[in-house]
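I have a structure here, written as structure tokens, and I will follow up with some questions on it.
First chain written, first letter: the chains are A, B, C, D and E, and each begins at residue 1.
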Amino acid sequence: MSELLRIENLSAGYGEAVVLHDVAFVLGEGQTLALLGRNGTGKTTLINTLAGATRQHGGTIALGGQALHKLAPHQRAAAGIGWVPQERNIFKSLTVHENLTAVERPGRPGGTSNPWNPQRVYEMFPRLAERKTNLGTQLSGGEQQMLAVGRALVLNPKLLLLDEPLEGLAPIIVEELLRAIRRITQDEGLAAIIVEQHPQAILAISDEAVVLDHGTIVHTDKAATLRAQPEVLDRLLGVAR
Amino acid sequence: MTETVLSTQGLVMRFGGITATNNVTMELKRGARHALIGPNGAGKTTLINLLTGVLVPTEGRISLLGEDITTLAPHKRVARGLVRTFQINQLFDSMTPLETLALVVSQHQGIASQWWRPLGASKAVTERAAQLLEQFHLGDVAQQQTKFMAYGKRRLLEIAIALACEPRVLLLDEPVAGVPAGEREELLQTVAALPADVSVLLIEHDMDLVFSFADRMTVLVNGTLLTEGDPETIANDPKVKEVYLGHGEAVHV
Amino acid sequence: MGAPSSTTTTYESALLRKARWRPLEFVAWAVAFALPFAMPSHSLLVNEIAIVALFAMSLDLILGYTGIVSLGHAAFFGFGAYTAALFAKLVMPDPTVGLVVATALSAMLGLVASVTILRGSDLTRLMVTLGTALLLLELANKLDWLTGGADGLQGVVMGPVLGLFEFDLYGRTAAWYSLAVMLLLFLAMRRIVHSPFGATLKAIRDNRLRAMAIGIPVVSRLVVIYTVAAGIAGAAGALLAQTTGFASLDVLAFDRSADVLLMLVIGGVGWLYGGVAGAIVFKLLQNWLSAVTPQYWMFWIGLLLVLLVLVGRDRVLKPWTWLGKKKGGTA
Amino acid sequence: QDSNKFKIGLILPMTGQQASTGRQIEAAARLYMAQNGDTVAGKKIELIVKDDVATPDVTKRLAQELIVNDKVNVIAGFGVTPAALAAAPLATQSKTPQVVMAAATSSITEASPYIVRSSFTLPQVSVAMGDWAPKNGVKTVVTLVADYGPGNDAEKFFTERFQLNGGKVIEKLRVPLRNPDFAPFLQKVRDAKPDALFVFVPSGAGAAVMKQFLERGMDKAGIRMIATGDVTDDDQLNDMGDGALGVVTSHHYSAAHPSPANKKFVEAFQKANPKMRPNFMAVGGYDGMRVIYEALKATKGQGGGDALLAAMKGQIFESPRGPVYIDAQTRDIVQDVYLRKVEKKDGQLYNVEFDVIKGVKDPGKAK
Amino acid sequence: MLTILFDGIAYGMLLFVLAVGLAVTLGLMNFINLAHGAFAMAGGYLTVFAMQKLGVPFLACLPFAFIVVALAGALLERTLYRPMYGKPHLDQVLFSIGLAFMAVAAVDYFVGSSQQNVQLPEWLRGRTEVGDGALLLGMGHYRLFIIAVCAVLTVVLQLILSKTRFGSRLRAAVDDPRVAAGLGINVNIVFLLTFAVGSGLAGLGGALGAEILGLDPTFPLKYMIYFLIVVSVGGTSSITGPLAAALLLGIADVAGKYFIPKMGAFTVYLLMILILMWRPQGLFTRKGGR
């Protein structure tokens, strides 16, 4: 397993305010990281910082050896970041299909033989195929969530950033999506960082786990280990689940 | 035998080629704690939009307390006690929670068309607004502009507005989405604690909450009513498991 | 619940705070009324500013408080002006009666025209209101037997205000008359915007969907406020016609609507004094610049507008903010 | 303290659609002052220029302020009819002479006994065309005028005189003042097939009408274009191109008027304003200044508005346009009206006069 | 009869070329640029000067006007316009009308207030007639030329927007610039290009229109209303909408003035109000599906 993402001394925030302090971790190719923490501890901020949507105050981010923090947001997508923002942010004046094609990138050389394209997204979420020509605003809440995930996939990223991807989804779709994420990471060598309110659900499919509090990392472990220690989880997250 | 407060007969809603609501006939009893569940895109939000008059049904009728309201203007339905919350917050961004609630209470008390005296002139209005602010933990942000508030607080205000309308029938569309796990229960407690004759229809994907809240459930699939019953029946219904609940224990551990 | 009584009073005073008169306001009005005394030579300018300020405030009712943009507000201004002028010419020369008649008829026109602004986007409203004003302009042009067409309506003789005060050449009577009417209507508007009714307007502006969902009759609110704003704009137009003694097509022209919009936006929308501030700034500047450089004053006005937006209205127009930090929005 | 000053308030449209009117008049007025000194009868002349954007209520306020605050002795200028009319009651009320230098609707001078006009009236120049056309093979005409006061005047007086002379007006078209495309009107004219098209549009729009007239091949279809001189405005004639050659117009002034006085005027004007050629607006301003200067001289700097006014009435002088006088009864200008044809001289287009009707009074006041 | 139709079409096409740039910036970028007419005016003046002072042939002036104005637009976008995108519509109105005022006064100062005239080459000046009687069709060559240029333009624009992803990338960037950038869309470039093309089109329109509409410093304000009518009636979501609207208005205006001259300017305004009350989002709105 070779290293994909390396974050060092990262601090970032909004305007003058610094939300993240001195964050550092490493993620290997095809690995899944569960990013946990109470509300408002900076999970979204970390995800957005990787996507280039916050103000970075210091530190470095390297993706496959490339200095990501020096790139403009749109270049990061080219470098291999696929982002599912917390509020979905579907482009409201584009149809479902255009939402996908507007950002689509051809599969990367040396990637899988079966690159992501709108067609594959429709296969994963048949619901979207039926809604191809609906505008972004004409989708149900859950459909928007599916589209946001699909939209990140057609970038054919190396690293998928999923910010609360399960919110508002029906239980059966949640199961399906979790399975799909597992499959994609295992079979296609895609790495992922997943933020979620239900730690059990994602720890089950993750390799690594990181817990944030007040913008700093307070715990790092193997996902399986953490999952087996409810009392630690309880202490870190304040909610026994 | 409790009385039916809200009912639909053969409700149909088509958007171009898509049938979002397909021949839905259902009833809401007085004092019910009723949950509406179903897969994404099943037509739950659409149903609420039809009930509240945001959309006009292609076919079918809706009646509230024995009166046909199929084509009644939305604001008149509110006057008859039919109130909703939105899946995505719909707030008055430039107002403070205090002003918002004072306005909503004024509207409910029928004095919102007064133009000659200021908003805060009615003691009754201010008192009720203060009460709501406290009940929803909004006291500390009461005088902040709504648009600068944190998501969680905005969500609480969303619900508070609906309650300020003193609903007789309350329709909640995924009220706890985005609310921190720890606060979800409390929020639903507030709703559950509404007077016993208020009927509540809840849409929610968090099954823990749904099952702890509902005394009756309706399952909608592809715009069509799949089944209806008490929580236990629904939880064990194989069809519901297949299309909605799934089998895994991933969600409610 | 132990706390409520004390928090309720806090909330009560918070709600009432905005509606309360501030000392500075009294001073400002006193100064305004003293101006024709102190600087009789500028009475005409005072008169004109009072009129456009009133006009701008009426636009603020629909734009700032209700969120309905209009590029055709001159329709009502001009209608009021022609009504007042014709009333004086054909019926009776008493200004007060003329003012009331013009206001009432403009309001009726507003009631009728309100059907045009109920639906659509900002752009649609801009164009429909603009179209309405232009239609009225064409109409006034075509009805030249009544309105004097493009030459303007001549031969309007105004009687003394309240039968007592003749309009003088200095324009002092005119200034006081306009200021008095403006004050009266301002008081009414001030009541409206701070009332529950006013709050429903803001609610509609902020979120129409939700406003409906809490039971506000959106359409009738829009109709009412559009009618009121039209009436007040008509009153402003009537004042112009009465104090200048004539009316011509340009009271209905596009420039009139555009200027008042500019003034209001300069002064700040959603704040009645914004219209006043904008009127003062715009008129004084225009007056001063066109005296200094009659040919190219437009350039400097343009530059001001650009800077206003680039640098921020607050920082340009409120010198006291140059020192401290930027504050949050004030209502 | 200002007793040794004589102030002239010049209210003109300096911006907006009518701006070129204001520019011409201001330039001419300044030229007159430069040529004739700024001290007359012991008084220093001060010119205060104000821009009214051709908006009458602004005109009125400016006039009022000039009279009340600046205590001007004369108000002058007035680019458009409503502006002149708006200021008229003030002139009466304050007994201030009002010299109208541009606005050309006939009725203006009736609006106040203090108004004196140094420009022209549209009836004046249109009847001249109404006389000339029937004699020169034009039997049927369609009129096309801008839909406002002066346009209506032009239409009315031309039609009356033309019909009196046995001509036939097939159709009267009025175009909106702000009209982007003349195609439909011109097509209508073409379909009516008159001998000639009589045009009045305010200067500026003239070029457009002319171009589209040619583009539509109306000249080739045997329709002549006749017009008042506004259409072939000297200021713009050169830019209209050779298509304008041969167009016959009637007007009171041409920059090519062959008199020494005019040569001197044109040369001096162009020297002072290299980018402009003086047009009828300029001459109105120039003569207006002259009327004021002479009145001041005659009253020896004493006496108020009434005295000045009295001294303005009846002035007779040689203007760059030719001999003129201010009718003591109507206070309107009486002047020769010329028939001119567009010709090329030294590579430039000019309205070359070929006929003249002497001493035309404003026919609008005849009744 | 046919001639009137032809004139109406030509007039409509001209309005379209002038307004299409606005349709792009307003409709696709959701930016109210009331200084649009100033760009058109710049195109007109450039053409006049290139022809008079430099002796450039008319045909060469058209691309010249397009390119120079597009470059100027790009420059302004980088310096002045960019901070305006996120601002409320009213601020955009204030800002852009301020720019228009400045342009008006500046042109007046440097060039003077008189009308400028374009001297068309001989081959564009003539007129061809076919048929006779009620079916007589007289076509001014210049109007024919405008129709041709406009048709080509429409096709090209339509191809760019529908066959490339540019259109949807642009709309995505407008909807949510932050997320669009995070998903790999170079928002700045997309806006810059769009704005430059919009300005360039205005410049081209000005160059073409100066002959028929006249050219003086008040141009940007005089015709602003017409541009806005075209865009609002056409709807702001496509290129074909404004085209249809411009044609409709052009024909209605010309025919109205021909058949009922007394109605004068009524026709257009009335038509606009009625259409907008009937379809508040314009004639052609973007619905789900195509």
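Definition applied: a residue touches a chain if its C-beta (ideal position, glycine included) is under 8 Å from a C-beta of that chain, and two chains touch if they have at least 3 such contacts.
These are the chains along with the protein names UniProt gives them: A, B = ABC transporter ATP-binding protein; C, E = Branched-chain amino acid ABC transporter permease.
It should be emphasised that the depicted structure is a prediction, and the values quoted were computed from it without experimental measurement.
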Pair sharing more residue contacts (C-beta pairs) when C-E is set against A-B: C-E
Chain whose mean Cα position lies farthest from subunit C: A
Averaged-CA centre spacing for the pair subunit E and subunit D, given as whole angstrom: 36
Centroid distance [mean C-alpha coordinates] between subunit D and subunit B, Å: 74
CA centroid of subunit A to CA centroid of subunit E, Å: 44
Set of subunit B residues in contact with two or more other chains: 15
Where subunit A touches two or more other chains at once, by residue number: 134, 138
Junction residues of subunit C - those touching two or more other chains: 138, 295-298
Touching residues (chain side subunit A, partner subunit E) in the complex: 48, 51-53, 72-74, 76-78, 81, 83, 85, 89, 91-95, 98-99, 101-105, 133-136, 138, 151-152, 155
Subunit C-facing residues of subunit B, complex: 52-54, 73-76, 78-79, 83-84, 86, 90-95, 98-100, 102-104, 106-108, 111-121, 123, 126-127, 129-131, 133-134, 139, 142-143, 145, 148, 161, 164-165
Residues on subunit A engaged by subunit B in the complex (per definition of touch): 38-40, 127, 130-131, 134, 138-143, 145-146, 167-176, 178, 197-198, 200-201, 204, 238-239, 241
Subunit C residues touching subunit B - in the complex, by the definition given at the top: 1, 3-4, 7-8, 11-16, 18-19, 191-192, 194-200, 202-203, 205-207, 209-218, 270, 328-329, 331
Parts of subunit D lying in touch with subunit E, wherever the complex brings them together: 15-17, 19-20, 23, 147, 173-176, 178-181, 183-185, 187-188, 190, 204-205, 207-208, 211-212, 214-217, 235-236, 239-241, 275-276
